[in-house]
Every structure is written in structure tokens, then in C-alpha cells.
Amino acid sequence: MSDASPTFSRPASAVRQTLVVAATQLKLMWRERRLLWLALTLLLLAGASVTTGAARLAQQAQERQIVAEQEAGLWDSQGTIDPHAAAHVGRAIPAPVRPLAALDPGITDFVGTSVFIEGHAQNPARHRPVDAGTALSRFDGFSAAWALQVVAPLLIILAGFASLSGDVARETLRQELGSGASAHVLIGGRLIALATASLLLVLALLAVSLPGMVGRTLGTADITALVAMFAAYALYLLVFCAITIGVSARFSAARTSLVVLLGFWVVATLLAPRVAPALAESLYPTPTAPAFRAAVTEDAEHGADGHDPADKRLDALKAEMLARYQVKDVDDLPVNFRGVALEFAEANSTETYNRHFERIYATYQRQAITQRAFAALSPTLALQAASRALARTDFPAQLAFLRGVEDYRYRLIQALNLEVKQHKAANGSKHLADIATLTRSVAYSPQQPPLGHIAAAQSVNFAILLAWVLLALGLVFTSARHLGSAP
Amino acid sequence: MSSLSIAGHEIRRLLRDRALPVLLGLLVVLAAYAAWNGSAWVGQREAAISLINAEEQDARDRSRGFVGKAPSVLPRVQPVLPPGPMAALSIGQADAYPYTADVVALGDRSQLLRHVWSDIGNPAVQAAGRFDLAFVIVFLLPLVILATTFDLWSRECERGITALVLSQPIAAGRLIAVKALARGAIVLLPALAIIIAVAAGSGATRPSGLAVLALIVLAYGSFWLALAVLIGCFARRTTEAAIAAGALWLLIVVMAPSLVLAAVNLMVPPPSQMQLATALKAQLADTARQQQLRHAAASPATRSPAPRIADAVRVAYADLVQADQAIAPLIAAHTEAEDARRQALDRARLLLPSVAVQDALDRLAGSDADRALAFQQQVLAYWHARRQLHKDYLDRDVPQTLAEYDALPRFEFQDTAGALQRGVLIDLAALAVATLLLLIAAWSMRRRLATP
Amino acid sequence: MLTATHLVKEHGTHRALDDVSFTVRPGEIFCLLGANGAGKSTTIKLFLGFLEPTSGSAEVDGLSAWQQPHEVRRRLLYIPENVALYDELTGYENLDYFARLAAVEQRSSARLKDALRSAGLAPEAFGRRVGLYSKGMRQKVGIALAIIKEARALLLDEPTSGLDPTASAEFHELIVRQRDRGTAILMATHDLFRAREVATTIGLMQAGRLCRTLDASTITANDLESLYLEEMSRSA
């Protein structure tokens, strides 16, 4: 028989063969109705969650708008009173609503939705959505983000664990190898098929969720963030695809593959996200609220090192002012000493509170970094952090809000105190001023950190996801080589 | 073939399976960590409470010096809700309700909980969900049970052994029931022992409490066993059974409760706390303004002989009472809306076995909503009593004495619900009903079982 | 041409194959007869390059199966005991897929259908899902692949186990046709009678050794049976 048979022309390129394998695998997945139904159910549920979430957010935004207007009205209608009294009346500042929270609610239900600003104190945010619930409130975990982080990997595992392990799959593989295709082509094709299916799932989820969110206007920043989130989730699901194929190639018994993969899934998506934060907190604990308040009060009264009580400092200030203006009595000063004292007290307490709060925030940061170390066990931790950051539903986003509010509060209260300081009143009475005109120039202008900042902060998490992808692909490669020589 | 020999055979086979000790070992590790976590949280809560008590004692001592100089000296009291004896079991709703209050006799109602900060722990940690023993029981125990029982029927169906077995004179229904019970016993009893031991180790040592805990775990375990039997009726192949088990776990433990919660939130949305705070502020400001105008217009009447306690004090008190009456309807409306929502949530739990168990464990641990609300009721009553004391001093027109000051009643929370409270019984009943429904469904499919 | 030269395969201390040598020339059918565990499947796996020989070589057209597996697999076709096809694809789709993997250039629809017809598959079955095929029908798809691949060698592992007499006869007719076209065929089986009917040479395998090599044309069925039993009992 001649060697140059016309049917044996140049071997088809490996790439083309890989695509053939991938196409066939996708066709098989499509015809395997059970998994398709599961995926559709997931899409439906996730889509429903996004739509209801978006409706809830719209309603929240409306409510906060109303409250902000009411508070502004109440503040302005105080009329002509002692400016310092207004500092005690206070004002509530509602937090902004994050449009992407419909996809990834993050911690929004666990942080306060408004801050009450007043003089002499810095209050934490209050009115958390989780307050006043019952046992059922603890089950509020299902969101589109959770579906992609936990359920989609499970679907991938169920779709792929038997693609290369189990009697039937191994036999078919042997036949395919016997036909002349290389192991890398066969395994690569299956990986591409699984990855394509998961990519389609993410795209479908996006398509299903967008109509629900279109009601609110999404700015370019939000859309860019959405694209970045999509990229992160695509990488994450690719990790699971590769691990599934790699494990399936490694073990010839389907049962073993399933057990190993499910074990990894339970640890990575269910256990690690719960254990890591708890362990991080026990390593870097935060003080309880009573302890915190006690420390702040003590600090403000007695000075940072306990030797410099506030009274003494005020006395020193009084003496210094008397000397400066060369008068004997506070009433002879050109400024109202009450205002000076109020200014000083406010600056003192603000500085004290800030110091203590910053310490707490630093502890949170250290906890977050410790948690990130656990991402060595679970890619879900890296993705969760990145997804929340991009949706602006993590703590740094809340912190930006809190700092903006505190800045406004300080400016507002000091404006009131300045008014008192600059106007001396007749003996025994207090200077009155119209609060509305007085504080009109002090505006609350919340600043959102730009997307570039967030992306930079999340670069470590993206790097971790990439590392996982490389690790998983490495597993596929070594399993493929192992399989190619001994199927 | 007697049921006992079937059971014995099943147990022997399961004991040879290497998966069982691994699963139980994992359960030990996770349950131990969860219990440690729970007891650490309780320790933190107790430390915070002792700080609050010290603060209160401090305020009491300091105010003592004012007795006699003012008509009534009622120092600020900070009532606390102590953690229950089994609190390490479940953190539950303990973070969602205030555990302390600010009782200032001459303050208004809105001040009771205004400056009470909820814990300033990391919200990301709370958002992740608490890793307490309740989490292990509600979420992880079913996985352990399903992992050992999901293929109790399908494994043999696949190998063709079922055909052999059923060609003997034995009823399929009895066979699967005995197998399920045998497997259930072998996995549930050790799991129960682990959970009880670990709970006792974490400080929840009350015998009645541990007995109720055992009851809850057994009831929940039986539910999942019944589910495994139902899976056996449907799934002939092991991969099918595995997928069915996983899908059912996800559905029952995660998705259904979440969807029901979303539905309740849509139908009975929570009233806005933000709007209440603003409305209260507006109302109080309004009332204060009116009172100011009234006092400026009317001249104070002078009585003769002049009373020992100045009338200005009485006028101030009357103003206070009026302000409270003005905001009472707003608070009442809000409370009613909150109660309606809580009721809807409570009713919904009867449809969801996992939520029923969570609720039962919360009640056992004393971290449920009802106990927190009872605390708020008792605080309110105490505050009213405090007010009444002040009014009594005013009425008899004699200032407070030191002896009376020292005899001022302190706040002590009264635990009204025992271990086997009504809520827990309802939860157990709901579980029993669910298990029964599953068994009825399985029984109706016994013909399917009998044809391998 | 298939050549085994002093082929030895050890798994740890166990010798699966012990110094096996034989040649299958084009147009010949070599039947390996033996009980389960004799080493027949191991021999076939060595020719496929799925296993590495401990010593000796398995060559196809002078190419070493272990060192150049791709070249070797392009020249031959392997039909295992249970022809593993994708249940959710039709017979036609399966053939198309495997033909692509085998890098067969001319895969026109007509050619594929021709191959299936030549293999004996009824045209109504082309578009039916393989999950509904009988074992015989699956094997015909395997043969169709050999036809379209124009494989120079066929490796068959227990091809007629589980087939009814008609299907078994049909199958043998097909491989005889392949033999007549010049394909070298290595067939592992324990169907003594069919082996004698189609084989050119018969090799008796027991405990990894090729005990006897016989010319099929010079032996009767009865003799073959007694020889077989004798060999089996001797080595037992």
C-alpha cells in the first residue's frame, strides 16, 4: 500500500482539532437537558433577585431623598436662635444608594444607612437594614453575586467531573486517543467547552439583570465597574473549569473526582468565606462599643496621655489670650470667649474621636489583609473582595461616606461656633443668629473615590485570581501529560 | 429476612466505608471551632455588660452627692440584656437588637435607644455570617447526612443488586425504611453526640437545654433522612442521586429561605427607621416651640403657701409628659408596622425546615427576637416606673431622702421563656409535619421502588 | 505490518507479558486466543502506545508505538470491546467527530454515509442517537471509521463478545473484507470457532506468554480446542 495515501494529507492543525473537540462537547452539554434546566433555574432566580433588589434600591433612594429634604427643612426652619443650640439639635445625613448593590449587596445591609451629626460627638452610622428581624433574616444570602460565586462553580463541577473520569469517559477517551488525537487536544477542547459554557452563563446573567437595573441611570463609572466585575467573574469561573477538568483527568474513577471536587467547593465557597473573617477578627479584635466610648471619654477629658486634662488646656488658652490682648478679664476680650471655648472643645473632641475611630478602621484593614491570606485556600475570597469593591458595597466605600459626613459635620459645627466667637452679646444674654443664612455656605458634597483608586486597591486580588488561573491551568497541563502516556 | 438483620448488614457495610470517619472527623473539627467562636462572642458580650454595669454604678455613686439639693435625683440607668445560659449555641438575632438602653427618667421616649451603639465590630464579619454551632447544625449537618445516605438505594440499583434483593420475598418499602434508619442511626447518633459534647464544652451546660438541643438535632436529622428516602425513590443512578441531593440541599437551606425573605420584604416591607427618627425630631421640635410660646404668653401662677418643690419643676414635668404623648402615635404606628413584618417572617418560617431549626436554636440560646423584644418591654415598664417615682415626689411635695435614693430599684431582666418554650414546640411541630409529608410522598411511590 | 519483538511488560513484580514475538503482515489476520488475564489486551495497548514496554518493541510499519504514538495511531484503528461512542450524538455525528480527530481529510457527507453503509449499518439508523443503538450497531460505526480512515492495521479487542450469531457473522464478513483490501488485523478473542474461521495465524496466550503459534489453515476445530485446553491446563 502506498505511503502517500490521499486521505493522509498534512495533519489538521492542533488548534482546529481542539476546536472540533470543544464544539462536540458543547453540543453534548446542550443535549444533556438536566444541567441545562439547572442552569436556567439559576438564571431565573438570580435575575429575580436582581430585579427585586433594584426595585428595593430605587425605593430606598426615594426614601433617603425625602429624609434629606425633610432634615434640610427642619434645619433651616430653626429660625433665629443661639447658634450653639443648633449644634445640639443636630441633623441626619442619609447614605447614598449604590446602584450595583442589586448585583452584589456586599455589606450594605450590615452598615448604618444614616449618620446623625451633632456637636461634641461623632456618632457611628445607625439604622442598619438587618435590625429588627427574626430567624429568617439570617438567610438573606442569595444574590446574583452569590449565585456566581457559589452555585455556578457547583454547576461547572457537575457538568465536568465525568468528562474524563469514569468508565464510559475513559473508554471514549482511549478511543479518541487511538484515533490519533493528542491528549492535549482532547483535554484542551473539553476545557474550552466548559469555559465557554460558563462564560455564556455569566453573559446570560448580565443580560437578564440589566433590564431590572436600567430603571436607575447608570453612569459611565458604573458601566466600567460592571465590565471589570464581569472580567473578574470570568477569571474566577475559569479557575473552576480548569480545576474540574484537571481533577477529572487525574482520577480514573468518577466517584473520586466528584468527591475531591465537591470537597474543594465546600471548603472554597462555603467554609473559607465564613471562617476567614471570623479568624481574622479573633486575631485582630475590635473593642466593644462600651469600651470604645469609655476610652474616648477618658481621652478627651484627660488628654491623650492622661496628664493634660482639657480644663488645664482651656485655662492655658484663656491665659494666653488675656496676655495677647493685654486685658484682665474675659469680658474685655474683643472676641466672645464662650465661642473660643466651644471651638476648642469641638476641635479637641473631634481630634480624639478621629484618633480612636482611625484606630478601629486600621484594625478592619488589618483584618481584611489577614483574610486575603486565606485566598491561598479559596479563590472565592479574592473574588468576593474585588466584586464588592467594584460594586462599592464594601467597607472602604462606607468609610468614604463616613469621612465625608464627618468633614461636613466639623465644618458645620465650627461655623456655628465661629458665629458665637465673633459676636459678643450683652451681659447675661446670648447672641442669636438665623441658622439658615449662617450655614448656607457650608455644603455637604460627598465625594466617591474614583474607579482608578478602587482598581489599584484591588490589584492584589486580581493578581491572586490570575495566580489561581495559572495554577489551575498547570494542573490541567500536568494531568493531560499524565493521561496522554497512560490513559 | 428480619428487619434487624437488614439493619445489621447495612451498618456493617457503612462501617467499612472510609468516608464516614472522615466526615465525622470534619464535623468534630468544625463543630469545635464553631462552639469556641460562640463562647468567645458570649465572653465579649459579658465583658461589655460588666463595663456598662461599672459605668452605671459610677453614675449612681456620683449622683448620690446631689440628693437633697434637687427634689429628685434619678441617676441614669443602663439596663442590660444578659446572654442566656445556652447563648454560645447561636448568636442569632443578638446583634440585630439592642442589648442595653439608656434610661433617663426625665428624658423623652426617643432617648431610650438613641445613643445606644450597636457593636462596632467589622460589618464585613457580620455580613459573612456567624460561624456558630447553629450554622454547623443548620447548614453542614445536612451535608454530612446526605453524603452518607444519598446513594442508599441508587448504589445497589446501579450494580443490579436491587433486582436480586427484590426477587426475594421482601417489601421494597420496608427495605428502604430499614436501610435509611440504619444509616441514619450510624451517622446521626455520633453527630448528635459530637454536637452535645461540643455545646456542653462551650459553656451551655444546662441539662434541660441540652435535652432540647438533642431533640432539635434529631428532628432535623430525621427530615433529611426522609429526604434521602425520597431521593432513593426517584434516582436510579448514583450521579443522579448526587445531583438531586445537592440541588435539594441548596434549595431547602439557601434558596427557598432567601426567596421567601425577598417576598416578605416586598409584601410587608420594614417601616423606615430613618423617617421615624426625622418625624420624631420634627414633632418634638414642634411641641417644644408650642410650649415655649404658651409659657411666654401665660404668666406663671403663684400658689400660696409656696410649695417646697418649686412649681417650675412640675411645669417642666407636665411639658415632658405632653411631649411624650405627642410622639406616642408615631412610635405606635412604627411599632405596629414592625410587628406586622415580624409576624409575617415568623409565619413564613413554618414553611421552611431550615429556618424553623434556626429559630428553635435561637430561642434555645436566648438570642431570638422575642427575648430581645421582651427586654425592650421590660425597659419601657421600668422607665415608666421611674417617671412615676419622680411624679410621686412632686405630688407629696417632699424632696427625696438618702434612704430613698439607696432603695431605688435596679433593673433585672426577667427571663420568661424556658428551654421548651412555645416557639420551640411550634418549630418542632413544623419539622415533624415536613418529615411526615416527605414520608407520605415516598410511600405513595413505593410501587416505583418495587420495580427495579 | 504489525511486529512484536521480544515484548516484555512488567507491572511491578507481575509479568503481564513475557517475551512475546510475532508478525502480522498486510492481508493477514492474527488471532490472539487466551483466557481473561492472559495478556491479550496488554498486547493491544502496547501497539497503541498506551503502555511503555519494559523491554522489546511493538512496531507498526517499522515505527515504534511508544516513541511515535501519533504516527502509529494515524495508521491504525482500534475497536475496543465496548465501542465507546457519545450517546447523545447520532451515529453519523459520531463518525464525523472521530474522523475529524483521526485527521481524515475527505469527510464529505456522501463519503461518511458510504462508509456507514459499507459497514452494514441500516440507513434509518444514521440519524438516530447512539444511546439507542445495539452493541452490533455500535461496532459497525467502529468499522465505518476504519473504512473511512483507510487504516492499514486494525486492532480488535474481544469484538464479538455479547453479539448474537447473526451480528457475529456479519462482523466477521466485514473484517474479512478489510483483510482482502490488505489491512493487517490483530484480533484478541476467546471465540475459538470464529477465530479458526477467519484467522490466518492463531496465537495461544497464557499467563503473558505466547505458548503456541499455529497456521489456521492446517488445523481443525476439534484439534484447536484440545490444543487450547491442553495449553491452559499445562500452565495452570
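Just so it is clear, A, B and C label the chains in written order, and each chain counts residues from 1 on its own.
By definition in this document, a contact is a pair of C-beta atoms (placed from the backbone, for glycine too) under 8 Å apart; a residue touches a chain by one contact, two chains touch by 3 or more.
Note that this is a predicted model, so its numbers are computed, not measured.
With chains as nodes and touching pairs as edges, the resulting graph is an open line.
Among the chains in view, A has its Cα centre nearest the centre of the complete protein Cα set. Separating the centre of chain A from that of chain B, both taken as means of CA atoms, is a distance of 27 Å.
Between chain B and chain C, the centres computed from C-alpha atoms are 69 Å apart.
Separation between the centroids of chain A and chain C, computed from CA atoms only, is 61 Å. Residues 19, 30, 33, 37, 40, 44-45, 47-48, 51-52, 55, 92-93, 95-97, 100, 115, 117-131, 135, 139, 143, 238-239, 242-243, 246-247, 250, 254-255, 257-262, 264-266, 269-270, 272-275, 277-278, 281-282, 285, 338, 341-342, 345-346, 348-349, 352, 354-355, 358-359, 362, 368-369 of chain B are the ones touching chain A in the complex.
Within the complex formed with chain C, the residues of chain A that make contact are 1, 5-9, 11-12, 17, 20-21, 24, 27-28, 31-32, 168, 171-172, 174-182, 185-186, 485-487.
Residues of chain A that touch chain B in their complex: 34, 38, 45, 48-49, 52, 55-56, 59, 63-64, 66-67, 70-71, 74, 89, 92, 94, 106-107, 109-111, 113-114, 116, 123-124, 126-142, 151, 154, 158, 162, 254-255, 258-259, 262, 266, 270-271, 273-278, 280-282, 285-294, 360, 363-364, 367-368, 394-395, 398. If you check the complex, the residues on chain C that touch chain A are 26, 48, 50-52, 70, 73-74, 76-78, 80, 82-86, 88-89, 93, 97-98, 100-106, 145, 149-150, 152, 155, 182.
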